[in-house]
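Have a look at this one.
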Amino acid sequence: MDYQTILNEIKTEVSPLLNEGKVADYIPALADVDPEQFAMTITLFDGKEYSVGCSDTLFSIQSISKVFTFTMALKLYRKELYKRIGREPSGNPFNSLVQLEYENGKPRNPFINAGAINVTDSLISFYKNDKITYEEILKFIQAISKDNSIKSCDEVASSEMEHGYRNLALANLMKSFNNLDNESVNVVKTYFKHCAIEMNTKMLSRSMMYLANNGTDPITKLEYITPSQSKRINAVMLTCGHYDASGDFAYRVGLPGKSGVGGGIVAVVPNIMGISVWSPRLNKQGNSLVGTKALELFTTKTGLSIF
Amino acid sequence: MDYQTILNEIKTEVSPLLNEGKVADYIPALADVDPEQFAMTITLFDGKEYSVGCSDTLFSIQSISKVFTFTMALKLYRKELYKRIGREPSGNPFNSLVQLEYENGKPRNPFINAGAINVTDSLISFYKNDKITYEEILKFIQAISKDNSIKSCDEVASSEMEHGYRNLALANLMKSFNNLDNESVNVVKTYFKHCAIEMNTKMLSRSMMYLANNGTDPITKLEYITPSQSKRINAVMLTCGHYDASGDFAYRVGLPGKSGVGGGIVAVVPNIMGISVWSPRLNKQGNSLVGTKALELFTTKTGLSIF
Amino acid sequence: MDYQTILNEIKTEVSPLLNEGKVADYIPALADVDPEQFAMTITLFDGKEYSVGCSDTLFSIQSISKVFTFTMALKLYRKELYKRIGREPSGNPFNSLVQLEYENGKPRNPFINAGAINVTDSLISFYKNDKITYEEILKFIQAISKDNSIKSCDEVASSEMEHGYRNLALANLMKSFNNLDNESVNVVKTYFKHCAIEMNTKMLSRSMMYLANNGTDPITKLEYITPSQSKRINAVMLTCGHYDASGDFAYRVGLPGKSGVGGGIVAVVPNIMGISVWSPRLNKQGNSLVGTKALELFTTKTGLSIF
Amino acid sequence: MDYQTILNEIKTEVSPLLNEGKVADYIPALADVDPEQFAMTITLFDGKEYSVGCSDTLFSIQSISKVFTFTMALKLYRKELYKRIGREPSGNPFNSLVQLEYENGKPRNPFINAGAINVTDSLISFYKNDKITYEEILKFIQAISKDNSIKSCDEVASSEMEHGYRNLALANLMKSFNNLDNESVNVVKTYFKHCAIEMNTKMLSRSMMYLANNGTDPITKLEYITPSQSKRINAVMLTCGHYDASGDFAYRVGLPGKSGVGGGIVAVVPNIMGISVWSPRLNKQGNSLVGTKALELFTTKTGLSIF
């Protein structure tokens, strides 16, 4: 069965679920999205791309951006990065301060909020300036997605900032443990800015190529990171990519992936393809309900699990 | 490079580390083992087996037995099993009561102690009797390992029981939440009995064949569980197989695996091989220090990571 | 205004509240009590006693027994007792294992369940035998209450044992930290036995005389403990006597006191009187709803707060 | 024995302990104080005052200021105050975020940092402006202490602000739960400003008069709060006044009191006197080591415990 047929089948099978779950509503800019949309794209190493649904519609990538900033920080700092951030699953809701306090301000992994804020802080320390840092993040995302039109949504970013007291608390707590270099407010602003970047499933699926191919874009042959770093990012996505449902995602889908509260998910079939899926309504753990189901159907139909 | 050469290289490379780490010493029977031993075995689908070190020496499999009891319970109860046990990483030391209390007596996954005790309880409920349950567990392990000589060490089992108050506390806490069917003491005794089973790396590597081959032994062609169940056990091993170092193991080794406090580790390269390694000294998270290193070297040298 | 008038007024004022709250229903023997009963007794140093309501009706004293066992253990072990038990408020529900685990098996104070179980264990270690220990506890309670008819209710005690898995978990957890000398099951049984002692408000009010008078019964002149020990027991009652509502009780009532899940409360006005009140329905924190209110009215009307 | 003799005796008895404990060193302004100082003052209702040691030396009152702001907020908001702040002991280190998160941003009591920041926020909401709020707090403290020279130390206040990331984290966490009205940074600044007020033991002992006398200054006859409010503040001091050593303080001293990290302690003997003691070195729980000992000696020598 060809991939297009499989995607079409998936769209049919998930459509009865499109009214389940709940759109992220903590900021108006996210709450206002049409909730019953669905899109899915896969991209192969020869550049072939298969899509279904509204795969040209832009949405807020939110926590998916953490994969990109983690990639940049791992490239810059290598093992040094783990002095400030761990790589263990958190076993707790994604924004919990409890664990951060018990573990002396060292976030468990780069994909919980505290960890991603810390990664952003490490990038600001390298690029010396939060504006330049954001530009470098954007440039990197445009490069791996092969699309220079990608940009952040100012409305979402500033709306986040107005409601982002918990993230400020996380940043201040890390700062109280001397595990944040720059001013909390600037770090959190930059973090919200890259979370507010908007992409569609085509762009996101394309952006996963380097992680599917050991760090090197299989089409342009550009090497972004080493094979070892690429495998390790995939490992962190598998164990920590979906907050407190990471185990469930590994169990049901069986692929390294990362979700965002905007309803997007990226995933990687090592050596074969990049995938992205989008549907705004979230399950209880904060991951796209239909998106997770679509990926589960995909690995069931194709047998493309890593296990 | 052939597998035997690789195993020999690994043995040479890990030998300087054999005096690092600390043997489990909470019971005399485990503390008395010669600490600087090392063994590693891989088993291919055609039955070829490569070993290095003292691969005939028996050791206490301890928590590795949790893979086998989880397999049995998943086969018997299917999805019903998840009413009593989760499948998320715990993000906490392996025997913590804290999480169990906050989550109303439902263990996070079948590989933390509470979860494995609960799995054993589910088997006792099925087989009606703790003695028969132990015999069924042993029979299953003998079958998948193709070795009827395998048995439990009574000294270890009863020694555990004398020091097993924390595990009794876990069992009683679950019972207080109505999440344990049988008498706490009997369940914990049976649990300790299957943890005290002794095997060598050849037996353990052989025992992983069904998980490497989608639930069916590739040599005998016996189907133990469905392909889907097999993949899912591998997923749980990857995300939860090494207590609070599961993320680190996925990061460094990149294979589904399970460790025991006796110093053994099993791992699976899906569709290719079973692996077992043994060395008694443990790292801070309670996993074999040299064993973890040996597996990391193995995936680096062979490129056989799942990522 | 004389005390009898005050007690009568209190009865009138609390009667509209008698249908609020919820009787402890975790065991049938407690659930079956007529829920709308009320009794209150005060006892002065000259032996005068004032009562209102059903002050001859026996009820299960439950956690009030912890005051008596703590007194006995403090007398026997003095400061040594604090090697195994703290004296800080717990700030958590009364049977939480979380805190006990974080604090390495040392209970926060003698009035949470873990602490009281530990106190009972210390008494068994002294009296060598659980049966004799229970008899000594009963003898002490009969002596301070001047009533040899007091005894335990076997039905309540054994019913507790059937549902007492959480207390067994607490005992086993302490044992795993080497902070319990005797067999968990025996300790918990003895603990349940003294919790199941039945008294009425007259007996309980009388039993507080020694704590109201610096350790010496003001009527018989028998010295049970030193003045300093007596003050210190009162201090622990004030800060820890009402689980996670201890602050609220100090705030509203302003007297050292101890509540039991059977609906009884004892309290002390230092140098002036003993008090006991009973009404079975409990508030959310597990203390008698009407009993707490009655005591609040009493200190408001008499000005007899310690503050 | 007269009070002056008792104070002199206490000074002699505590002097061997003056080199024990550790001065608060998280900011230079506090770390630089001469650590072996000691002062103690008691003030009677007739205005007689007894002092020993350097009772004219000013020191940073720090958390003692929380008694004054709590008094002001309770006067202004009455029971409404408890919608935003509890009155239970915390059972955790004084600046823990864990409990605040589990309890949805509602601090346990007005004397832990989160609670005091919340109280300050409530005052800013009332006085509309943080500068005016600070002036009103200062005015109140000057009034009850009968000393208009009292003022805050700018160096301490700004030094706190530089190291106050954990308090900012607490404020932001409360704000994320909608339990903080004003801007986190402004609230924390005002909080640090009133903590940095400097007084000596004479002033502080005098300032306790209204709490020793049911809300009314016994000398000037000015009523600051109602008798009921006064008793209730004393109750909160007793159960929550010394962080995680509140139980120990009640046990050993037996008086309502409040300590500060600058080494000061205030205490109240209801209906009899105000007390203040100072010595900079702290015990493990963050309370003045010698100060606590001096108060314990005082209640032992005079029998003036409330129990």
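Order of writing sets the labels: A, B, C and D. Residues in every chain begin at 1.
Quick note on the criterion: contacts are C-beta pairs under 8 Å (C-beta built on N, C-alpha and C of every residue); 3 or more make two chains touch, one makes a residue touch a chain.
Worth saying up front: this structure is predicted, and the values here are computed from it rather than measured.
J.: Which chain's mean C-alpha position is the greatest distance from subunit D's?
T.: B
J.: Taking the mean of the C-alpha atoms as each chain's centre, how many Å separate subunit B from subunit D?
T.: 55
J.: Roughly how far is subunit B from subunit C, going centre to centre by Cα mean, in whole Å?
T.: 47
J.: Which parts of subunit D, given as residue numbers and ranges, touch two or more other chains?
T.: none
J.: Would you mind giving me the full set of chain pairs in touch?
T.: A-B, A-D, B-C, C-D
J.: Which bits of subunit B are touching subunit A when the two form their complex?
T.: 86-92, 99, 108-109, 228, 230-232, 234-236, 238-240, 244-248, 250-252, 254, 256, 270, 300, 305-307
J.: Where on subunit C is subunit B touching in the complex?
T.: 96-98, 101-102, 165-166, 168-170, 172-173, 175-176, 184
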